[in-house]
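Dropping a structure here in structure tokens format, bear with me for questions.
Chain IDs A, B and C follow the sequence of writing; residue 1 opens each chain.
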Amino acid sequence: MTSFTRGSLTLQPSLPRNRWNQLLTLVAGLFTALAVLPLIVVIAYVLFKGGSLITVRLLTELPPPPGLEGGGIGNAILGTLLVTLVASLIAVPVGVGSGVYLAEYAKGGAFSRFVRFGANVLAGVPSIICGVFVYGLIVSTRVFFGQSYSAMAGGIALAVLMLPTVIKTTDEALKLVPQELRWGAMGVGASRFITISRITLPAAFSPIATGVVLAIARAAGETAPLIFTALFSPFWPEGLFNPIASMSVLIYNFAIMPYDAQIALAWASSFVLVVMILAANLLARWLGRFNRP
Amino acid sequence: MAAGVRPELFSQRRRPLWELLIDRGFHKVVVLLAAVVGLVLFGILLTVVGGSREAVLRFGLGFITNSDWDPLAEHYGAFTAIYGTLVSSLLALLIAVPLGVGTAVFLTENIIPLAVRQVLGVMVELLAAIPSVVLGLWGIFVMEPFLRPGLETLHRLLGWIPFFSTTPQGPGMAPAVLILVVMILPIITAISRDSLMQVPISLRQAAYGVGSTRWGAIVQVILPAALSGITGGVMLALGRAMGETMAVTMLIGNSNTFSLSLLAPANTISSMLANQFGEADGLQVSALMYAALVLMLLTLAVNLLAQLVVRRLSLKM
Amino acid sequence: MTDSSTCLALENVSISYSGQLAVSGVFMNIPRGKVTAFIGPSGCGKSTVLRALNRMNDLIEGCALTGRVVFDGHDLYDPRVDAVEVRRRIGMVFQKPNPFPKSIYENIAFGARINGFRGDMDELVERALRKAALWDETKDKLRESGYALSGGQQQRLCIARAIAIEPEVILMDEPCSALDPISTLKIEEMMHELRKSYTIVIVTHNMQQAVRVSDYTGFYNVTAQPGSDRKVGALVEFAETVNIFNAPKQQATQDYVTGRFG
């Protein structure tokens, strides 16, 4: 005897529970479509509208003065590359070094907990605050040869932004390296430095490289930390201690201008930027496949 | 010297000095590099607190409740921007959470083939990689003109409600909220998806085993089990939304006039910083630093809360 | 106290983890040019003592040692002693085969290179692989990854790696516990060759293996601390292997080797 009513084994789509199932599945599918739609539309717009404008001239020339036609975004492309390079040259060594400290040397003491906590907090600091910080630290104090806005300041602001990502990636990647490998190296008389530089870091290369590439890609598209650190320049880059153009700031500045030529250049910049960033993302995915040499 | 025990004295075999120095030096170097994070954090705090001192002393806490931002009269109150920051990010969250969690469920359940799900998952992740400024450009020239007729209808029909009381004129709170939704969706989706995938398969089997339907299992067993991760992701997204600058700045209209209407131009702390910081001087810089301090404290609180929530909820499991 | 026939002398060695005593009061003279086996039930501290012999315990958080471990007239735990140098003179083979994610050749060359080896690397690699009885199996694929080898071959590669830096002592921490019987046999045969050139200390949970490979055997056991129920390891008996297995002096040893516990 049972106290439950038993239904037929045949599927009855009209049962309330089956109706609910269908409805919820439909809703979830709809949500997914809504979430993916913007991506497709944004990418399509950027690729078609921006891509159709791309010419060799556009990639190699300076932007035109307001009101004039033609011109290009050559200085902004070069500027983005330069500023991102400066940022990477600062953030990657500092970040990987900190990650190595956390994973290989730290003994769970107050300092290492503070560093981990600090990296977490820094990761949550809005990017515009990084800009404010570097403005206060470098731009307004004119520490670099009396220059205020400079490519260097922009690079440092982006480096602050990249730092927590690189630290966390390195820390986590090194923790995945089996302890036995470290013992093996120590067992043949390797010092800490040799164990880390020759065994553990190479073993963790692929995840670290993936994280670093993603961090660089993110930094390359950042605008907020650059608007009042690197500023903008309608000219070719004049060294690291002068204002410099970048694609992201160009998009921001030109998008709100009332001139069609400038708006077209903003779309073209978006195209170049998005293609570069998507390429970096694909590169990161590809790097992630090499788990073991 | 292949065979036999070598009689060398222990003290005669020593690592070369340079090797010892490199080993010790490397240790010192990485400790110093790790200290950089702390220095940067203190630097940020010092810069913002130090820079805002003048405005803090002059306006006190009234800065937060006063909505009068007047550079000519040298009187500053950031209520409009703080309100804008909170409203835009909370509204964006309200829309993005069901969408993101729904998408995450759809991408972890076996409703559609795995290959399709993986492609969709990668696409959502790529959306997170698109720079904010590019989304802003798209928002200005594609999304906002496309939405305007809809917003105008909304105003015509529901204009008697204060939230829709102004005629949409292009930039405003509503387009900014929607672009924020696009920006935080990938974060919520990705983190929810990770948390859902970490729910042990045995739990799912147990639910199906007692005769649960697919959605019965999802709603009653799987989502609760993944709750800590999802909540953490939502809080992270909230922090990101509050600090988000470019796309919002390009779409919100940057008006310091307070309005309840979602269709009117508004402002957020970060867009105010982006707009005015470069050209400000004197007391205005200090007032902007004060606003930056408020933003920092808000995001810090949200992020700390996120870590706390994740720790609390995952302990219960 | 130590004469020329003693390689490593443990003088009242006690080891603790985060303040918890793990092994206490070990006195032991490990003879030079012989194979010494450590046996005993799990938790008796035999591996802990082994790892103390080349300061591998330094890598474990909160591990502390009192007493002296004398090697070549030096206390290995003297603050002036360089732990890295200790490990170059006292090599180690671990429980789980742990080749580096490098080629077979590089696995062996790595240790030699960081030890400042200047000479014919090809010859050194061949010599080490021959001694580890791995040359015939690997001579045609030296450039392949060490991970491509079977578990037993990997462990022999690790032994070759340890031999290549010409240590005076080789420590082996249950080197065969993760291997099948045939691989185990090969490693035991190899140890008969190695004993001619090196002092070997091996930890094993397999008593037959201790009988087959060792000259001396130390039996460790766990005993409850007086006044508490915490268990601490100690050396019960140390003698020639034949005596340990045929004429043990202690009742606990007798019980253990006859299989009455452990």
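Throughout what follows, a residue touches a chain if its C-beta (ideal position, glycine included) is under 8 Å from a C-beta of that chain, and two chains touch if they have at least 3 such contacts.
Note that the structure is a prediction, hence the values are computed from the model and not measured.
Ranking all chains by how far their C-alpha centres lie from the centre of chain A, first place goes to C. Geometrically, the chain at the heart of the complex, using CA-atom means, is A. In terms of C-beta pairs in contact, the better-connected of the chain pairs A-B and A-C is A-B. For the pair chain B and chain C, the distance between mean C-alpha positions equals 53 Å. For the pair chain A and chain B, the distance between mean C-alpha positions equals 14 Å. Averaged Cα coordinates give chain A a centre that lies 48 Å from the centre of chain C. Residue positions 84-85, 88-89 of chain C each touch two or more of the other chains. Counting partner chains per residue, chain B shows two or more touched chains at residues 15, 20, 23. Of all residues in chain A, those touching 2 or more other chains are 191, 194, listed in ascending order.
Within the complex formed with chain C, the residues of chain A that make contact are 107-108, 178, 180-191, 194, 198-199, 202-203, 292-293. If you check the complex, the residues on chain B that touch chain A are 15, 19-20, 22-23, 26-27, 29-31, 33-38, 40-41, 43-44, 47-48, 50-51, 98-100, 102-103, 105-107, 109, 111-112, 120, 122-127, 129-138, 140-142, 182, 185, 189, 213-216, 218, 236, 239, 242-246, 249-250, 270, 273-274, 277-278, 288-289, 292, 295-296, 299-300, 302-304, 307. Residues 17-18, 20-21, 24-25, 27-32, 34-36, 38-43, 45-46, 93-94, 97-98, 100-102, 104-106, 111-112, 114-115, 118-133, 135-137, 160, 163-164, 167, 191-194, 196-197, 214, 217-218, 220-224, 227-228, 231, 248, 251-252, 255-256, 263, 266-267, 270, 273-274, 277-278, 281, 285 of chain A are the ones touching chain B in the complex.
On the side of chain C, the complex with chain B involves touching residues 7, 32-33, 71-74, 82, 84-85, 88-89, 116, 127, 166, 168, 196-199. On the chain C side of its complex with chain A, the touching residues are 54, 56, 59, 61, 84-85, 87-89, 91-94, 96, 98-102, 110-111, 114-115, 145, 147, 158, 161-162, 164-165.
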